[in-house]
């Protein structure tokens, strides 16, 4: 069992009726339910003290999922740094959808993480381009999502260590939708799907990806990370 | 000026009226013309002695482009090995379209290089996913090709060092269409477009990619490749 | 439990008294013993029919370790291809020491796999450069081997997906000693230590690396590898 | 001709007689002289207004070299961000030696960039592990430096896109001494040698590496980096 923390900004669902209709208890609760059968899951949200991410919570977290969109700037720099440092020590990190622009992800990547987008409810198909990757375990050759927000290339991230998914959009664009990185001892998986007004996280294949990603991103034992002056 | 050899199987254009209509002098001549303004170009074809690729020709070649489809098996193993060895010594190699299945490319990759395909004259759009790459110099954000044969994922190649293009197809598929590799001292760029019955190599943007790829793949000086027993 | 096959050329130990003194039952038996507590292990050697690697054996193998040196050429091309194909389908592959030059490894890499060497019984220290990698689990910051054959750079292999170990040699050389690759669905880990006349595979840390490598290289479920014509 | 800016902290050479003896005009002047025959070079230092790195200077810079050590914290965050943003737009960046800990480099990498070190004037040998890389042009198989500060693994950086040099140290350590990255459109080359009290930048082979690195890191034309909302 992996100790998972699902972090959500949790603003759209309280402020916007469309989002509330899709995720009445918040995106974090839907994701937490999808993971609960396999993993030991807690949640945390922006408006909790320390955004729910105290040093103790992070120390007890194997893998952190992150959903944010309209309030990236409200995440305290100190918390963003704490998340980053914990990833370098081995905590897995799974930023979702608009979290491409979150403080922890952009700081871990070092690039702008900008992209193109269009909110038009169009069809997306995620193709598995790396069928041997454990995050693809049990999937079909592609995942179809009938209505999504489009994200298009270029996506200003470092070349992924492994590219697992590439998305096709009905409007004519493509996107690298599932990108694996390691930074320090930590495993990072950026996964594109997940707008707040489409029920993406109810999709069974998407839920399978999230469960696989958690298993893949969990820390391993490793060997000493010893730095500084040597004799 | 880069010394270029354009190799072509040159069978479809002599046997099939549809191909002959598009490429009356062979695909190699169309490509050679597209490169001639910038580079020093010769051609070679399957039915010449040694397939036109003697040791002397290869030694005088900086970058080799390769188009083949129906007669991969007729390429002599010795010539395929000679090409591979020359790439390891620094010769650039640019396999095109169905050359994903050619002997030199599959031997350099080590994988099956299999893929999915559908010949249905559908629209392709190649997106630049790496706008900082020299092979993308001077391109727009995407290249539109009105009629192409579809290639779809999974594409069984090693993870590219750099992925430059991803293709979108009207029928719903995606493909990693521009893949950079280095093997030994040699630079390799696989480029997907180019069916024998569509005038892909007449497209200006495609021609720009070919010129850029030749410039990128040309050998550099390097340092000694010394192997064997040391004192 | 991972189903492991340890393959050994098994010539030095029968022909050379120095090797026989170190590995009286063959290198394969020493390695098999080191893995037996954790995994389900069988062995196979060159002089068995089909080199002990029938299609049935390979189909029942999750991870294949390979030691060879003086008789690479005696491995039948068909068996080498069978091994390669099985790796692409997901079988893990762990070539050891002089297996850098073996047929399955060179065919999977596509390069010459040449290197420099000196047989002088000098000290080697393998540094963990990727302490977050599961193959480094439980190791100290480096592994000291008092007497080894030196392998030096350049090592003509593709840039590894992950570099886990770099070796220091008393005589002044370095070497990329632990290199991870994926080819098709298969995981490959080249590990340098292991000359036939030094008791390298008796070393506890080396044995730990082998056990870790087997666990890491074991196949995962994945998603369909479907190739060919699509509707 | 590439427009180069050599940035130096320039404190040791003014405060410490050992450093002043080796680099009486500052490390930046020694490096600038080494590059001047091939490139168009200016210098900038910490104590100039804006650290000498105004928006205009950066806009006119193709490649920025960076040496810093004791005053990383005195570099203004705004200037560090400006450098990072310019790299993403295509400016080459060559951090040297203790600049592994500089603000622009750590922000571009996203990791801690920590390492081990020992200042003991020991011999270093840098091995070319990628003899086909243009940064190795014209070098021998290794570069010997009689007296250096040791840097040892682990080095907490992302896996390099290409690893060009690995260092051997007499005291028993190794280090990935020449690491290539691309971030956004910018090329980054971290190069290890260069302590302030050893005349490393007087070494001819080191100067050759710097010239090669500048040529390699210079921006190319690329294609549009267009982000934001699409129609």
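So that you can tell them apart, the chains are marked A, B, C and D in the order they are listed, and the count of residues begins at 1 in each.
Keep this in mind: contacts are C-beta pairs under 8 Å (C-beta built on N, C-alpha and C of every residue); 3 or more make two chains touch, one makes a residue touch a chain.
Going by UniProt, the chains are A, B, C, D = ThuA domain-containing protein.
A quick note: this is a predicted structure, and the numbers were derived from the prediction, not measured.
**Student:** Where among B-D, A-B or A-D does the A-C interface show up again, with more than half of the contact pairs the same?
**Tutor:** When the contact pairs of A-C are compared with those in B-D, A-B or A-D, B-D matches.
**Student:** Higher C-beta contact count, B-C or C-D?
**Tutor:** When C-D is set beside B-C, the one with more contacts is B-C.
**Student:** Rounded to the nearest whole Å, what is the centre-to-centre distance of chain B and chain C, using the mean of the C-alpha atoms as each centre?
**Tutor:** Those two chain centres are 33 Å apart.
**Student:** Go ahead and note the Å separation of the Cα centroids belonging to chain C and chain D.
**Tutor:** Each chain reduced to its C-alpha mean, chain C and chain D end up 36 Å apart.
**Student:** For chain D, write out the residues touching at least two other chains, lowest number first.
**Tutor:** 128, 131, 141, 152, 154, 159, 161-162, 173, 182, 184, 225-226
**Student:** Okay, in this complex, where on chain D does chain B touch?
**Tutor:** Touching chain B from chain D are residues 90, 128, 131-134, 136-141, 161-162, 182, 184-186, 220-226.
**Student:** Spell out the part of chain A that touches chain D in their complex, as residue ranges.
**Tutor:** Residues 84-85, 88, 107-112, 114-118, 150, 152, 154, 156, 158-159, 161, 173, 181-184, 225-231.
**Student:** Enumerate the contact residues on chain C facing chain D in the complex.
**Tutor:** Touch residues, chain C against chain D: 125, 127-131, 141, 152-155, 159, 162-163, 166-169, 172-174, 176.
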